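The same chain A turns up in both complexes below, where it pairs with chain B and then with chain C.
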Partner chain A sequence: MSKKIVIEPVTRVEGHGKVTIHLDDQGNVAQSRLHIVEFRGFERFVQGRPYWEAPVLVERLCGICPVSHHLAAAKAVDVIAGAGTGDGLTPTAEKIRRLMHYGQMFQSHTLHFFHLASPDLLFGYDAPPEQRNVIGVALANRELATQAVLMRKYGQEVIAATAGKKIHGTGAIPGGVNKSLTIEERDTLLKGRAPLNADKMIAWSQGALAFFKDYYKKNKAFIDGFSQFPSNHLSLVRKDGALDLYHGVLRAVDAAGKKILNDVDYQDYLSHLREEVRSWSYMKFPFLKILGKEKGWYRVGPLARLNTADFIPTPLAQKEFEAFKAVTGGKPNNMCMHTHWARLIEVLHSAEVIRDLLLDSDITGTDLVTKGKWQPVGVGVIEAPRGTLMHHYRVNEDDLITMANLIVSTTHNNEPMNRAVNCVAKAMMTGQKEITEPMMNAVEVAIRAYDPCLSCATHAYGQMPLEVSLYDATGKLISQRRK
Partner chain B sequence: MTPPGSSSPSAGNKSSRILIYGYGNLGRQDDGLGVALVEALEQWAAMEKISGLDFDSNYQLNAEDALALAEHDVVVFVDATAEGDAPFVFRRLEAHATIAFSTHAMAPESVLALCAELYSKQPEVWLLTIRGLAWEPAAAMTPAAHANLAAALAFLKLWLQATQ
Partner chain C sequence: MASFVKFTINGKTCLAEEGAQLVEAAKENGIYIPTLCNYPGIPPKGSCRICTVLVNGIGQTACTTKVVEGMTVQTSTPELEEFRKSVIEILFAEGNHLCPSCEKSGSCELQALAYRYRVTVPHFPYLFPKRDVEAWHPKLVKDHNRCIQCKRCIRGIRNGKGQALFAFGKRGDKVVINIDPETSRDISDALAQEAMDMCPVGAILRKEKGFDVPIGKRKFDRQPIGSDIQA
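Coming up: the complex of A and B.
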């Protein structure tokens, strides 16, 4: 009898997701799907509001990466305010925004690696759920867990200093920022009370990389082979090809490294990207128009960024980048679990950028805002922790938003996450009659590499069940487990 | 009224460092009840010149909050809840080292467990949950949530005054 296995929701992933795996009569995986209840209502929520409110309104879209939405919206409204398309801000304004963004990147990536990924690496996906969490990490490696807490805290302090406060910050405004750093704020972040200072963050980032590389040495077959498949990769890069998480041009490469989107202006993203609607999913499937929907899907995020960028413009991260690229002979890396490695290289890069910005005198400057000629449309794109994030607004003559289109990183990664699930399902569930905890965990490990964040910041206490449901071929529920 | 699960306001003492920490999303209607309570309580404490209280808020709890717990003697977490009939519930939490089914966020019991593990400290931790009814993307809370917020705020003021 054929079966349908449902895993719902995916644990330690934001929002609601469920995985369905269809087995045929012989027990082979006939089809697998990752269903995500994507939240689309927010685009309507901002319609009718003045465009200058957008950077603050969109922070409430996501409790995990509010700074990324804040800055992507700010970049879009910069265009509307006549402040140019990413290169028109004052040096102080751009550097404050970069500091805010790299602070967000640092703390978000740190959370993902230590809190979500390291339990899988330390204990394996067949370990009991009670152990596969950050408290399990603390029990097994107190130093690692302590550093994780302080790295998160440092990133939060960078955000608070630049955005005005830890949450609901108002730092970025149309055409610039509303504050720079005081000397005291700069010195606190740069040299602050031990161990919360920039140099220590760099050192601990290197320690995290050493931890991963040591693990990789001992578990190469797993890290290389788990859920690996060829794909295209897309991200922003700086105009000279450097990794740049705040601003740049859009570049895409195929699985062999050939450029398929050659450094185009993101204001024109609609000429290059399309979104496919599939009947079984609420979330769209973006693809590169030039390749079509069958071949044009791509990955975004840390792995994609290190595949599209030519180099990293900070010395320690560049050295790590060279080692990372050497594994694949300079060609794009299509190994899913190497995303964790790429993420940690970005942690180190972020720490270096934060230190360099704090040493830059512009960071305490007073020229904060650029004004120019009003435009009716603006697009803002940023490399958020999870990948490319696009905000697109149109306003009327009363400055009210009439159209908003957001393409978030998790939407870009929709097809790759589905492929990742399929890889794991075929490897672990073929011929099986019942799903086991390790099988379920393996599916989650594959999805978790993409660190999906599903715009679900509502979390009312007590609402986080894990439900596993088993259906037969007729759709009848034959088994269900809730934790 | 003594709401279900509450305790007499005698847990604190004059030398305690007390943290009131609300979490939730003000952009999701009643989900922001915890943050709204902290904002109101902070204003009240300033007006009444009540010292010894620290305030914080965030979208959700996470690992770094273990450090904040370690730096306080008493912590009151404030959150929205979709469960129960009472306007609010106030209860003492024990450390619980299981977060397997959380998301990017941590449960308060798990933050306490992490605090105990990393910093060998076990502050007195309470959870005040306020009943909410709507969770859609909108800034306005429901009238019922406002009423529940007022009741919870009044209760917590009394509890804190008893500790001063």
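Coming up: the complex of A and C.
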């Protein structure tokens, strides 16, 4: 008898989504889908507003990564204000924005790994739900949990110093920033009261990586094999091929490492990317135009970034990058759970960049804004924690926005997440008479690896009400389980 | 030589120049009376009613009342406080005030008063009026969503010839304050800034001038409205 399995809501991710899995009469997975059940509407209601409001308006998309939206929009309106793309800003403005962004990256990645993902690693995806949450992590490993909270706090303090407040600040304005760091702010972040200082954050980031690598050594088969499938990968890279989370050119590689998008200017993204609409989801499906809908989908995020970048421009993270690349002999890494590893390498890289920026005298400079010749269109792209984030605005001659197109990281990962669900469902549920809670959580573990921000605003972690209903082929409810 | 009159506010004996505006006289005596449509240096209008006080037991707007010998004034009774809170709530409900993305957030007098009077959710239904953003002017933007029709701009902003830059248009609940294309032509950046600063909300903006004051340094970030006069 065929069955329909519904996992709703998906837990320990940002926002709300649900999974449906259809099993045929033989118990094989006939169809699986990750549905995004929210509709936000930002692209519509930013229309008619003055363009300089965009960075402050659209950052309300998200409470976890508002800085990413703030800066992607700011980069787009820089172009409109005639300040150019990325390298047109003053050194102080560019470095303050970078500091804000790497603070964001540090806190968001920390939040995801420790609060959302680590319970699955510490206790196993089949552990009891009452243990498999952040409180369980705190009870089992007090030191790790304390570090997680303080690392996130440090990242938030970096954001507050550059954007005015921890969530939904106003630091970036068209053509620059509205403040630099005072000497006191810089010194507090650089060598503040222990443990909240830059060097301690680097040390703790190394500790988090050691924790993961130790886990990997003991659970190699699971980490390598779970939800593993080949894909293309896309991200920004610096012009010289270095990992750069704030600015660069668009690069995509295929599963074998061949460049399929060769360092193109993101102002021209529409020449290379397309978005497909499917009736069952509010989230679109982007693809590389050159490969078409079927083969053009790709991954973004930490795993994709370490697959597209040639090197990491900070020494400690570069060393970790080399170890990471060695696992696949330098070829792209298509192992889903290695995303956690890549994410932690980026945490270390972010901590190093924050320390270096704080040591740079430009960070306390006073030359904050540049302006130039007005342009009617601007595109801003940034590497958000979850991956490539694109903001595209068109304005009329009165400076009011007439069109906005936002392609957020999770949207880029739509097809890969659907594939991941399918992959795990096939491996775990095929031919099973009973669908157990651990099987459902395994599906969520695969989704969680992408750190999706389904609404870019809401947060749900720990044990959430999750209901699975089994239907027969006629749609009749056969059984129901709740956790 | 100015003559002084003696009067009481909330039972406290006060002294002020005869004929002084009650709002200013109270301020001189360390008592805060909230205002919105009133602005120092321009003739009072008494249109927003938020400065309503009891003068000899009768409700009057303090911005249009002059002090006289022996008057007794009550500025803060439970009924007056509730009335003021309602005025603030009505102003929020009547327009489209989206503080999170407003250029004036942190420096907005309506927002600051809402904080002072602890307005959380208005008791009145939001009207969500459909209003436009007028952005044709090379230096100014008029966001009608945020306008509370206090007329400060009409009364206070003049060009070099003494002509008003802003004028009422339409009538009744459709009334709008427009930028006059003739009198506002060739205005200086300084006058545009003065117009933006005089507006108590974010209805008058300078083109490309938003969010340039960092959080923490905005007008009411450190000093809640009225706290310089009375906590």
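The rule we apply is simple: the second predicted complex is superposed on the first by the 464 of 483 C-alpha atoms of A that agree within 3 Å, B and C clash if a C-alpha of one lies under 4 Å from a C-alpha of the other, contacts with A are read in each partner's own complex, and residues count from 1 in each chain.
Criterion: contacts are C-beta pairs under 8 Å (C-beta built on N, C-alpha and C of every residue); 3 or more make two chains touch, one makes a residue touch a chain.
Since the structure is predicted, the reported quantities are computational estimates derived from the model, not experimental observations.
After overlaying the two complexes on the shared chain, residue contacts for A:R60 are found with chain B and with chain C alike. Contacts of A:W52 after superposition on the shared chain: chain C is touched, whereas chain B is not. With both complexes superposed, B is the one of chain B and chain C in contact with more chain A residues. Look at A:A81: by the touch rule set out above, it reaches chain C but stays clear of chain B.
Residue contacts after overlaying the shared chain place A:T170 against chain C, while chain B stays out of touching range. When both complexes are overlaid on chain A, the residue A:K179 reaches chain C alone and has no touch with chain B. Once chain A of one complex is fitted onto chain A of the other, the partner contacts of A:A323 are absent, as it touches neither chain B nor chain C.
In the superposed model, A:L359 makes contact with neither chain B nor chain C.
Once the two complexes are laid over each other on the shared chain, residue contacts for A:M403 go to neither chain B nor chain C. When the shared chain is aligned, chain B comes close enough to touch A:L139, but chain C does not.
Touching of chain A by both chain B and chain C, each in its own complex, is seen for residues 57, 60, 168.
Listed in rising order, the residues of chain C touching chain A in the complex are 100-101, 103, 133, 135-136, 141, 205, 207-216. On the chain A side of its complex with chain B, the touching residues are 11-15, 39, 41-42, 45, 57, 59-61, 63-64, 66, 111, 114-116, 129-130, 132-135, 138-139, 142, 145-146, 148-150, 152-153, 156, 166-168, 453, 456-466, 483.
Within the complex formed with chain C, the residues of chain A that make contact are 48-50, 52-53, 55-57, 60, 81, 163-165, 168-171, 173-174, 178-179, 369, 371, 398-400. Remark: chain B residues 24-28, 30-31, 56-60, 62-64, 66-67, 79-83, 97-106, 110, 113-114, 117-118, 127, 129, 132, 135-138 touch chain A in the complex.
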